[in-house]
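Each in structure tokens, the structures are laid out below.
What follows is a pair of complexes built around chain A, which joins chain B in one and chain C in the other.
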Partner chain A sequence: MALELKLHTEPEVPLEADCICPDKLQSLKTSAIENLTVLHGNRQVPLKAFFECRGEFDGEIMIEGDLVNVKHIASAMSYGKITISGNVGTHTGAAMRGGEIVIEGNATDWLGAEMLGGRIIVKGNAGHMVGSGYRGSTIGMQGGEIIVHGHVKNETGHVIRRGLIVVGGNTGDFTGVNMCAGTIIVLGEMGLRPGAGMKRGTIICQTKTALLPTFTRSCDYQPIFLRHYFKYLKSMGLAISDSFMRGPFERWCGDSVELNRGEILLYAGKLQ
Partner chain B sequence: MLTTMRIVNGKVYDPANNIDGKIKEICIQNGKIVDSVPDDATVIDAQGMVIMPGGVDIHCHIAGPKVNAARKLQPEDHRHDVHPSTPLTRSGTGGTVPSTFATGYRYATLGYTTAMEAAVTPIGARHTLEEFHDTPVIDKGFYVLLGENIFLQTLLREKRMEEFDQAVAWWINATKAYTVKLVNPGGDEPWKGKRNSNVSDIDEKTDEGLSPRAIIEAFIISVNKQGFPHPPHIHCNNLGHSGNYKTTLETMKTAGDMRAHIAHIQFHSYGGELGKNPTSKAAEIVEYVDNHPNITCDVGQVMFGKSTIMTADAPLAYVLKGHSKGKWVNADTECESGCGIVPFQYQEHVYMHTLQWAIGLEIFLLSKDPWRVILSTDHPNGGSFMSYPKLIKLLMDKGFRHEEMKRVNQKALANCSLRDLDREFTLNEIAIITRAGPARALGLPAKGHLGRDADADITIYDEMDDKEMMFNTPRYVIKSGVPIIENHEFRNDLIGKLLHITPEYDKKIETVVQPFFENYYSIEFSNYAVDDSYLHDHEIITTGIAKG
Partner chain C sequence: MSENIRIVENATCTFCGCVCDDMILHVDMDEKRITKAKNACVLGRAWFAEHTIEENAPAAMIDGKKTSVAEAIEAAAQTLVKAKFPIVYGLSDTTCEAQRQAVAITDYIKGTIDTTTSVCHGPSGLAFQGIGESTSTLGEVKNRADLVIYWGGNPAESHPRHFGRYAVTPKGMFTPGGKKDRTVVLVDVRKTKSSPVADILIRPKPGKDFEVLWALRALVKGKRLSSAIEQQTGVPLTVLQDLSDRMKRCRFGVLFFGMGLTMTRGRHFNSGALLALATDLNEFTHFVAKPVRGHGNVTGADNVVSWQTGYPFGVNFSRSYPRFNPGEFTTVDTLANGHADAAMIIASDPASNFPKKAIEHLKNIPIVVLDTKCTETSKDAHVAFRTSTYGINTAGTVYRMDDVPITLRPAFESPFPDDETILIGIKKRVRELMFERHAQDASDATQVAARA
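Right after this comes the complex of A and B.
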């Protein structure tokens, strides 16, 4: 039976609840779980001051309520599954190493920041800095998958080094800024300056986008490897048209102010 | 809150008073150690525990403009290491460069009660004192950088030695410092003036006509003549370069029989040729230190993992930035010094890093006089002060040391003698290198021992086989008679004192110094000296007739 957490009091100031993480609940009884410490602003309070706890933890956590002011849920989690049936706050899944987080609502900023493995699925939209590195850090996401069905804001995949970010809708500005490697797939439109400062890695977009002058058009082609990606994404419930799966794609190389070994693939056919 | 307290049944290690693991009663009254206390005094039963004086860190970087720049440079460290507040203590952030409050609390959680900031530019003294006020629990002081001071170098070049002595004393008073710090003497100014220029030999003359040896000699003579409690704290030339042990030996020879302290000596003990892989010259360095009682040193042990290089040796930071290829800071501090900050990672598989780790341990293990070879990691340059317990375990447990040796670069190990060293430090020797030794080297008569009239700075550890665990988790920490940690939990908070000196000087020197300020400094002379309102709780350590 899964552990059920229901938000009964909305926090007035951000609530840091990094204890909502399978690794930290392992082998704890419900009575011990509800007394775990969370930070309400700068005050330490027990988890039960905001959440009603039911059931026993068996590796799965179901969370109910609007958690937009609850931060750091599932930070550094390495196994198990968390299902959130509402919106969720910043830093969800930051530095996670394994397991799965499913968010039925929207996520805010720093979703999966510096994550190392595992999977995050957001059915709604997400905020800025999805899968990015923290300010000052030169390495962002290093593994795993983030799949956002809706739109995301700026700097998605900032300094990403490995892993996959998929956005079903549009991205804001600076998608894949300074990315070291890894893959970003955007099924909608990208904002300004995608791939600025990228060293390696691949950005794939279904819509033509103005690129920086430091990107060079290389060729048009129909990469077979993309079909495997798209087939997988289709199985995850994302709408991928057959024509997009086939290509062709314009291949742009850049960013020449850096290593110039990154690529941006822009769909060059007509969507049917 | 001053407490009258009696600690009973504990095994006391107080090397300064020749007490080596004896069960002895310790009495505390009004923040001092006394012979006896009334019967109604609070009693701590330390059965099965080890009692030592509070730790003294002779060389670390914990406050001031450069430390703050390092904090700002690495925001990613803060998120990973949050130090939450409690009803008694303030919040902060950790990482290799903790925030002010976290620094004080974390030193306390290791049983350290005194720490000396090792390099502050005179113009940064005000900032440092403000940060000290927010660094709780520990007593602290700082060494002021005067080696690259253009005005003092001018006096030296013109051989105005009487005025030089007066100006040194004036600068110490104006900054509330504890002693003089020299960093790569003669090296920063050429580097600031010419791209990538430095001095490479102790007798090499710069464009100003001064050699590093002339600068070092002048400060050693001046400080010893004025009887500062701690001699000049010297970061020698050529730090980190292969073959630099010759420079280190020459620096120590320059002192003759006068007192001098060589900082982070591990970084200055390399053989080999410049530009090639270094070899260990720990044995030669230790032999010289052992045979010259006027020399003290701290080791500057490298610990694997993340560190932050922060130094007034700007050309060194420029070299290291080339290795790390990441973000870095370089700063020119008016007419006084340079500065470089480089986030760094010491890795076991790297030849150089393993050799540095091994040389540090060799210096500890080869030394015959632990009183003068003091434990430090040059926090955060060689590693955080939070790694002291692991370092102590490396010294006390040869089995653990040999296990660790299996994980490091074997080629580097083959170029040093660490594999052949079976010595294990005793608890008494650990008390010397972490408490009694640094307190004696600093000339702090009330620190580092548990004799009558000593400051009641006491740490009580549970005696454990795992020394890392033992030194990581003191059961009690008492500072100035106030129980700060009881049963591993904070019970009180305390600001801690500033330790500084006030050598006498002739006021006429101000009329000599002032015109230089008007011509070259960005601030007015009258605004330069730190006034007494910055002192808060402080203690003046007396200066006297030259010792040694």
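Right after this comes the complex of A and C.
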């Protein structure tokens, strides 16, 4: 039976609840779980001051309520599953290593920041810095998958090194900025300056986008490997047309001010 | 004018980041005002003339009513200690000594400290972290620079003495001809009062600074670019190529950048692109990049907060150790998101210039204000202190925009206490209240354990 957490009191100031993570609830009884400490602003309070806890933890947590003011849920999580039925606050799944997080509503900034493994699925939109590195860090996401069905804001996949980020809608500016490697797939439109400073890695986009002058067009082609990605994404519930699956794609190389080994693939066919 | 005139030599103007320390002030000691400020620019003259003593103004107020400073300190300390997410903001128009006390208070109350940097050159701060900074003092610029580039700024109006004292016309050790030995380039989207100074004026399309900088980086690295760059940025490829060649050929180049770069779309990436360009150029020659800072001691605020917490602005202490995350702990965000539940504003007026959503929240929480004048923020304050003006009434240390510390020489005394004195009083009381709270928490925990 899964552990159910229900938000009964809206926090007035941000609540840092990094104890809501399977690794920290392992082998704890419900009475012990509800006494775990969370940080309400600058005060330490027990989890039960904000959440009603029901059931026993068996590796799965289900959370109900509008958690937009609750931060750091599932930080550094390494196994298990968390299902959040509403919106969620910043840093959800940051530095996560394994397991799965499903967010039925919207997520805010730093979703899956510096994550190492596992999977995050967002049914709504997400904020800035999805799968990115924190300020000053040169390494962002290093593994795992982030699948956002809606739109995301700026700096998605900033300094990403490995892993997959998929956005069903549009992205903001600087998608994949300074990326070292990894894959970003955008099924909507990208904002300004995608791939700025990228060293390696692949950005795939369904719509044509103006690129920086430091990118050069190398060819049009129909990469087979993309079909495997798209098949997988279709199975995850994302709407991908057959014509997009087939291609062709314009291949742009860049960023020439860096290694010039990154590629941006822009769909060059007509969507049906 | 009375005959009781005092002359203060080598006084410092703290209006802008130039922090010119060659002022000769004539002070009317009877009327307590500065009658003449020799060497000051138009902004400096206004700064010195405007800061007179308003004798009838109360030194402290609680909810708009006059009170004693001691009572106001008690009320301020109570407000900050009670808060769950208190913020401390401002700091760029006060001394480093006062800034230091503000950091200590934030640490005690487990709050969030931020400076006006976050709304001006904050993006440059992020870029310094991400890219690094090739830097120098303005003295080096004066003595050595033969290529001076201003990007996204209008120093003729914002820092009038920057040209004459530091970068364009002064005769230096290796630039004896002054302006004749230098090439001045101005990059701006429009013609300004700074434009006539420039030997080369480049006008990119608005919001295309990043593309121009990126193209220059490519050219400096010897990459080929398409002539379509003109269509994209508004700057012909030949102009960019010429600038790139000049930058590689010069003996000492400097890039001064302003808020035209940091506060337009792309923000820290714009600053980062410029810093990366300076780094690239150091493979060919000596090149430095410096932000042109606005407030008198905003650079000091960055320095003090950095050496006390490890980070320059947007620092949170709620976990008892400093955490830095612009976008989360910067003041506009904490207010606009409705997170802050109390604020202490020091020498700043966010109620006049913050976004509407942030101002609305600011008006709904208790505020403690320290300012030399009555401001929009102090009008709504729960506790308001009237303090003396740094550099005119108060001694101390400030940092020039090139991180050089300069000692202040006050002109005349003020009946109002200085920021540092008030903040020391608040700090002392906050510390006592926090100890009391910790003792109470420990006692409660013992009782709970005994019951269990």
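A few remarks follow.
Here is the rule we use: the second predicted complex is superposed on the first by the 272 of 272 C-alpha atoms of A that agree within 3 Å, B and C clash if a C-alpha of one lies under 4 Å from a C-alpha of the other, contacts with A are read in each partner's own complex, and residues count from 1 in each chain.
Just so it is clear, a contact is a pair of C-beta atoms (placed from the backbone, for glycine too) under 8 Å apart; a residue touches a chain by one contact, two chains touch by 3 or more.
In this text the structure is predicted, and so the values were computed from the model without any measurement.
Using the contact criterion defined above for the overlaid structures, shared-chain residue A:39 touches chain B and also reaches chain C. Legend: residue contacts after superposition of the two complexes on their common chain; A:270 is shown touching neither chain B nor chain C.
Chain A has more of its residues touched by C than by the other of chain B and chain C. Shared-chain residue A:128: touches chain C; no touch with chain B.
When the two complexes are overlaid on their common chain A, residue A:109 makes contact with chain C while staying clear of chain B.
By the touch criterion defined above, A:177 reaches chain C but does not reach chain B.
Shared contact residues of chain A, touching chain B in one structure and chain C in the other: 39, 42, 134-136, 138. On the side of chain B, the complex with chain A involves touching residues 73-77, 79, 84-86, 91, 326-327.
Touching chain B in their complex are the following residues of chain A: 39, 42, 44, 133-138. Those residues of chain A lying in contact with chain C across their complex are 12-14, 16, 39-43, 69, 90, 109-110, 128-129, 134-136, 138, 173-174, 177, 192-193, 196, 210, 212-214, 256-257. Of all residues in chain C, only 83-86, 109-111, 126, 129-130, 210-211, 214-215, 217-218, 221, 223, 225-226, 228-229, 232-233, 265-266, 269, 276, 280, 317-319, 324-328, 339-341 touch chain A in the complex they form.
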